[in-house]
Amino acid sequence: MREPAIAPDGARLRAVVEALVFAAEEPLTVADLVDLFPGVGEPALLAMLDDLVEEYASPDRGLQILRVAGGYRMTTRADLGEWVRALFRSRNRRRLSAAALETLAIVAYRQPITTPEIQSLRGTDPAGVLQNLLDKKLLRVLGRKKVVGKPLLYGTTPEFLAHFGLNSLADLPSLEEFGALLPPGAVMEPAAQATGPFEESGEDGGETEDGDGTTTDGTDETENLEDGDDS
Amino acid sequence: MREPAIAPDGARLRAVVEALVFAAEEPLTVADLVDLFPGVGEPALLAMLDDLVEEYASPDRGLQILRVAGGYRMTTRADLGEWVRALFRSRNRRRLSAAALETLAIVAYRQPITTPEIQSLRGTDPAGVLQNLLDKKLLRVLGRKKVVGKPLLYGTTPEFLAHFGLNSLADLPSLEEFGALLPPGAVMEPAAQATGPFEESGEDGGETEDGDGTTTDGTDETENLEDGDDS
Amino acid sequence: MSGEPLAKVGDDTPLSVRLAMFEGPLDMLLHLVRTGGIDVSTLPLTEVARQCDEYLALLREISLESAGDHLVMTATLVHMKSRSLLPPDPAGMEGLEEDPALEPGRGTQHMLVVRKAAEQLQEREAVMELLYSRPPDRVQEFAGEQGIDADLYALLNAFQAILRRLGSDPAARVTRERITLVDRISWLMDLLTRERRVGFRALFEEMGDRMSCILTFLALLEVIRLRLARAYVSHHHEDILIVLAEEPPVPPAPASGEQADA
């Protein structure tokens, strides 16, 4: 029942074994093969596996078959590992790490925003990630916030808009708009307090001239963060 | 710094390329190789990839190299798939629902396309299906349409192409092939391929899959497999 | 299209809707309809509207804001139901109108083509199901952190994940108004970076509507508050001049090894 109708032999069996060594999650064992091809016999299957190892063991091949943990598995040749690593590095350069995407999202929705403010939202120091996003020209420095430590204020760039197919920041989807497309949770947040448009910028409570005073808890938070600022 | 000390050439470069085709998470593109080996030149790298495809295209091999999503990917041969499945004792599950397939078909042929437009073609609100396809990364948001309400625009991803074994959207048959019923001029053409925000555009759009018999015999075999499914 | 305030319940008791299929606050009903928990086409809207009307009659003297919210929610429900019952909205179809295949009356034919295209995809999928790739963990030692090819959906998901981690911090809410303001701040900074100084009156010259003027003024206040710019009265120009704060911005020195930690 588990075995498909016609058991392969000869060259086709060899091809099947090659496919199995390639695709198996765990190292492929002779026992696996005996299970699949009870008619072939263990010695013949073992010989076939060893032939395959031989065949791949040429310096001109990019792949090798290793005997590990009682089985056989296909990997890249050890001396080519640096190139595989280089490929992944090069691809990731064109993309965003999860940390970078989060930071980008924060800046997009909360700009202009400082490093300590980003850190208070993400929980980790965003300096390295910010540099990466500046290098990619997705973020830019808008200026310095005139509070203790004079942290830089970050905002998004025209390139950011182009990347995401937006004309202006007003085109960023709001949570409410995207609600139907996202798992419930953030959608139905109670609009507990009617907050002014500047609500989240009210952290620099030490200054007298900013009279918005909407958030009371923002003050402590930001001051702590600014003490710890690495500038 | 980016390039490891000695750039390989000749047989060693071929071995490296083989290793990279094996290792690449998404299909390996010529652009990836140009990035890694700027000294070699795109034509030589492309020739090397095509040679590798040739070399693997033997019925005695268990593996093949497919041209999908504008790149190259190593897989087991289709006619051996039943044996791999027998080893895993379960199907290589990736089937989509009819609603998802219809929505994908509409987006593939009409992208960039908005939710109301999809709805007008399918007749039902696609929001749930869309979210599912976005989560699966088969679709992505391309931006907003510049009409009243600024609806979001959707398009297909490289993962979409890879899922269906397409090298580019041009590989989709024109709807004329389905539409004997349709009056002339009423045919939707495949949309031009949209490129991702952080990707260079596809370099080899003109190529088609090399038709190594994967598409002709697949359907019957699948039916057999479903009979024998013991999962 | 659906940027209406969702659940802005006032300090009064919100309307509790009583229907055969649902009993609870109006905003919850709207939420369920939006997320597909309730099929809007089966919703007895006349009854919802009647109850809303009754409620508003009681409420009118108490809170205009709450009344407005309830009207918006009810209107949204009516809109959603009408959308589900009527043929597709022609306003959303502008780009498609030139295509004769998509004209009204060709719907059935068109559906056939869509079905066939979907079947064709399904056949391809069945073939691909027989192709196995290398197991994902085989090159893990080289892979490092996987990069994301981000689109708007990924961006918003990332932001939503942060909000969820923070809990219900009201200041973290994203509203259309806030984003529009941010956009205006960005516009103002662009202008100031380019021009170094702008006359206050000139800022508003091109503004067509009240809302733009208000937003620009709010953006100006914000920029001044952040001391990205200064404002002073120029007798010479008989105007207020807005001047970019000097101090060319300097990007921070890259802190090495930061990226990997998060």
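Chains: A, B and C, in written order; residue numbering restarts at 1 for each.
FYI, a contact is a pair of C-beta atoms (placed from the backbone, for glycine too) under 8 Å apart; a residue touches a chain by one contact, two chains touch by 3 or more.
Computed from a predicted structure; not experimentally measured.
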item: Contact-graph separation of chain A and chain B, given in steps at minimum; value: 1
item: Chain closest to the middle [Cα centroid of all protein chains]; value: A
item: Distance-maximising chain from chain B - centres being C-alpha averages; value: C
item: Approximate Å spacing (C-alpha centroids) for the pair chain A, chain B; value: 21
item: Centroid spacing, where centroids are CA-atom means, of chain A and chain C in whole angstrom; value: 24
item: Interchain centroid distance [CA atoms averaged], chain B/chain C, Å; value: 31
item: Sites on chain B at which at least two other chains make contact; value: 22-23, 25, 74, 76-77, 82, 84, 127, 134, 141-143, 152, 197-199
item: For chain C, residues contacting two or more additional chains; value: 1, 36, 132-134, 138-139, 142-143, 146, 149-153
item: Partner chain A, residues of chain C touching it in the complex; value: 1-9, 27-28, 31, 34-36, 132-135, 137-139, 141-166, 168, 170-183, 185-187, 189, 218, 222, 225-228, 245, 247, 249-252, 254-259, 261-262
item: Partner chain C, residues of chain B touching it in the complex; value: 22-23, 25, 66, 73-79, 81-82, 84-85, 91-96, 98, 101-102, 104-106, 108-110, 114, 116-117, 119-123, 125, 127-128, 134, 140-143, 145, 147-149, 151-152, 157, 163-166, 172-173, 175, 178-179, 181-183, 185-188, 196-199, 214-215, 218-219, 221-222, 225
item: Residues on chain B engaged by chain A in the complex (per definition of touch); value: 2-4, 8, 11-12, 14-26, 28, 32, 35-36, 59-63, 74, 76-77, 80, 82-84, 86-89, 127, 130-131, 134, 141-144, 146, 150, 152-153, 197-199, 224, 228, 230
item: Residues of chain C defined as touching chain B within the complex; value: 1, 36, 83-84, 87-89, 91-96, 99-102, 106-107, 109-134, 136, 138-139, 142-143, 146, 149-153
